[in-house]
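You will see two complexes here that share subunit A, one where it goes with subunit B and one where it goes with subunit C.
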Partner chain A sequence: MTALPPHVARQRWMSVLARATAADLADRLAACPALPDHIRLRGPESGLVMLRGRAGGAGSQFNLGEMTVTRCTVRNADGFVGHAYIQGRDHATAALAAALDAGLQDPARQPDLLRTVIEPLATAQAEQRAAQARRAAATKVEFFTMATMRS
Partner chain B sequence: MAYVAVKGGERAIDNAHAWLAEARRGNPAVPDLTLAQIQQQMGRAVDRVMAEGALYDPELAALAIKQAQGDLIEAAFLLRAYRTTLPRFGYAAPVDTAAMALRRRISAVYKDLPGGQLLGPTYDYTHRLLDFLLAAGATPPPAAEAAEPAAAMPRVADILAQEGLIETHTDTGTEPGDLTREPLAFPAGRDIRLQALARGDEGFLLAMGYSTQRGWGGSHPFVGELRVGEVTVEITPPELGFAIDIGDITLTECALVNQFKGSKTVPPQFTSGYGLTFGHAERKAMGMALVDRAMRAEELGEDATAPAQNIEFVLYHSDNIEGTGFVEHLKLPHYVDFQSELEAIRRMREDTK
Partner chain C sequence: MTLSLPGFADPVADAQACFRAVLTAMSRPGTPQRITSPLTPPAPLGIAAAAVLLTLVDGDTSLYLADHFANAADWLRFHCGTDPSPDRTTAGFVLADSLPDLATLAQGSDEAPQDSATLLLPVESLTAGARFTLRGPGLQAPTPLAVTGLPPDFAARWAANHAQFPRGIDLILCAGDTLVALPRSLSLGEA
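The block that comes next holds the complex of A and B.
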């Protein structure tokens, strides 16, 4: 079995952090050992990302419109550099997500942080998606054929 | 146009704006509207402002709606102005609408399409009777949930394409043009047209799309598929060198299936019009798809005679921020222009005496 590239695990936790609120992150962090001190190398700062679609859904790209994004980069006391890019303009969320990204790269802290922060958030996010999909499924049309009553 | 520097009126303007602020607030005995209330309970207005403001940020759109007293074009204008204050970090990967987390997905061409018809939270099939329970502040019962979640579903266009019955779209790999960086120029490629339509006025697109159905450039459309739901936004920051998700956005996608056409080299096949818009905005996405298809007339060897098929006409008039700017500027002082017209008309009347 070939090992996954090292950034696969990081992609996953960054995607979970991007979908969390600052309150979610603060709640989860309260349940684990404090993160090391860090200095901010960049941001938090808000800007725009241009979103794109494809003509016909699968063809050439076009620019659909922009979205607000906030990014932050920190270096923690253990020397790990954490990045965060999150939708919206919430600086507190971006700062916490960057500090967590730095902490999660530290092999000594990673298992604890995955267990107490990332996994519970991932489970909650998956449940939210599944709940919407169950509601959508409840609105699925069940066609039935009208039987003719000729005898 | 000639403008003349006008001095004075500052105090009148300040007082007018103070009254506006008071009027916007309304009766102080009525609770102040919160942005969360607008975002949660005026979702379609928020979606429209994001689409026409060309900026996805529900909270800012809610603020703009509050500030504009619900004038949605004014609110979209506020978003367009705000975006100019922010730096651009980059471009996202094209959204994958086939992987959309669906709330709604219907097709008017296949009854038994793979995945089925999901009605989602729709106004279709409502009786359009005013609901006085809402006036009384009733809380609705929770929505029903099926035991099993709906799965991701193939796009209808992809199903038709498998049989070769519809034109296929391939990515030419060219970098799309960007109206926020380069002014509109002609001929405008489909990339530019789709960007303009995505930020275009819903009423304009509805009317132009409607005109094609009424015979001004008809192309016999079917709704191949309409889907609403959430897609992931993915970017690749240079400092990371790999793609990351940065959040989810709600989109509405409409794929029209239009009248077949063939040529000596291509067997008859369906063609398509495409609509994609921020938020839950079916009328907008359908209008966009109708107009997109109409503007492809020349490309597909059809006579381009109707207004909706005239690319310059459509693109020059689809933007309601530009439209409102030019129409409403007529309110500004034109004293000198009018003075010269007055003098001219008096002279002419003298001459005829």
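The block that comes next holds the complex of A and C.
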């Protein structure tokens, strides 16, 4: 994990935070030193984001539908600005995720937070995805005669 | 500069209140409107100018910032979702620190007068200084206005702007948390 470039590491923890619930985050945070105070620069506020889809590898883009997204931006007492974009309308999760993103950018706090918050959540989320994929795979039907759309 | 200051505390209600204030200021020229929403814009941006920008500027709007306000560019970029334009002659909104040559700003056309620029100009005071008399739509009787911070030949420059009606720029004067609007329909005399 130490070799990741900074923006890739941040993408990873922001994605883990976006999938977590407020209760998960609060539970994990209880195990490490308190985050510094912060002020909210924007939000939490909910809105709609248009999702774009593409049919097949060569299809053109189309609007798949809108998704509810909540975003929040905070600045903590150490001067780090944290952002969070999460699915749904849970303002508490967005605020907590933004505060965590700000804390994670601080080199002094990052190792602790990664170990106690991000890694356990990432593991739990990966297990959940694998379990769901297994359940889905059990119902899969193979259509061997169909040509793929990519040629 | 890093981003350090929030925008409106209540974005929807505060922007609506500010929009109402701008609308009243435009329809009753010369009547000062106060922005009462709590707001701490980055210096040197004043409260009224910042509130008007937060309310009216978004990603579909072009904004030109005078160099004097470079410190506020990040704040505006974040809260308005717009990238300040380098071109003063086409921008829909112009934030200036001194009165520019009004003819160099977007004037609109007779077919699309709404394409003209809205100029935001911070001034020192809207209660004392050079005195003007305002006449025009929205005013039953000539209305007095006192401004500190406009150039001495302002009345003549405004007359040239007014003469092109329906083309021409609209001006919003801001002092602290107070604003006065001078729409292009207004004729202005020195008093």
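In this section, the second predicted complex is superposed on the first by the 127 of 151 C-alpha atoms of A that agree within 3 Å, B and C clash if a C-alpha of one lies under 4 Å from a C-alpha of the other, contacts with A are read in each partner's own complex, and residues count from 1 in each chain.
Following the convention adopted for this analysis, a residue touches a chain if its C-beta (ideal position, glycine included) is under 8 Å from a C-beta of that chain, and two chains touch if they have at least 3 such contacts.
Here the structure is a predicted model, which means the values were calculated and not measured.
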| item | value |
| --- | --- |
| Partner chain(s) touched by A:G79 [first = subunit B, second = subunit C, both, neither] | second |
| Contacts of A:R40 with subunit B and subunit C, given as first, second, both or neither | second |
| More subunit A residues in contact [subunit B versus subunit C] | B |
| Partner chain in contact with A:A31 - subunit B first, subunit C second, else both or neither | neither |
| Footprint overlap on subunit A, where subunit B in one structure and subunit C in the other make contact | 45, 73 |
| Complex contact set, residues of subunit A against subunit B | 7, 10-11, 14-15, 18-19, 45-69, 71, 73, 83, 85-89, 129-141, 143 |
| In the complex, subunit A residues that touch subunit C | 39-42, 45, 73, 75, 79, 81 |
| Subunit A-touching residues of subunit C, taken from the complex the two chains share | 2-7, 11, 78-79 |
| Residues of subunit B touching subunit A in the complex | 50-51, 54-57, 59-60, 83, 86-95, 97-98, 101-105, 111-112, 116-121, 143-151, 155, 157-158, 161, 167-180, 190-192, 194-195, 198-199, 229-230, 232-233, 235, 237, 239-249, 253, 255, 272, 274, 276, 278 |
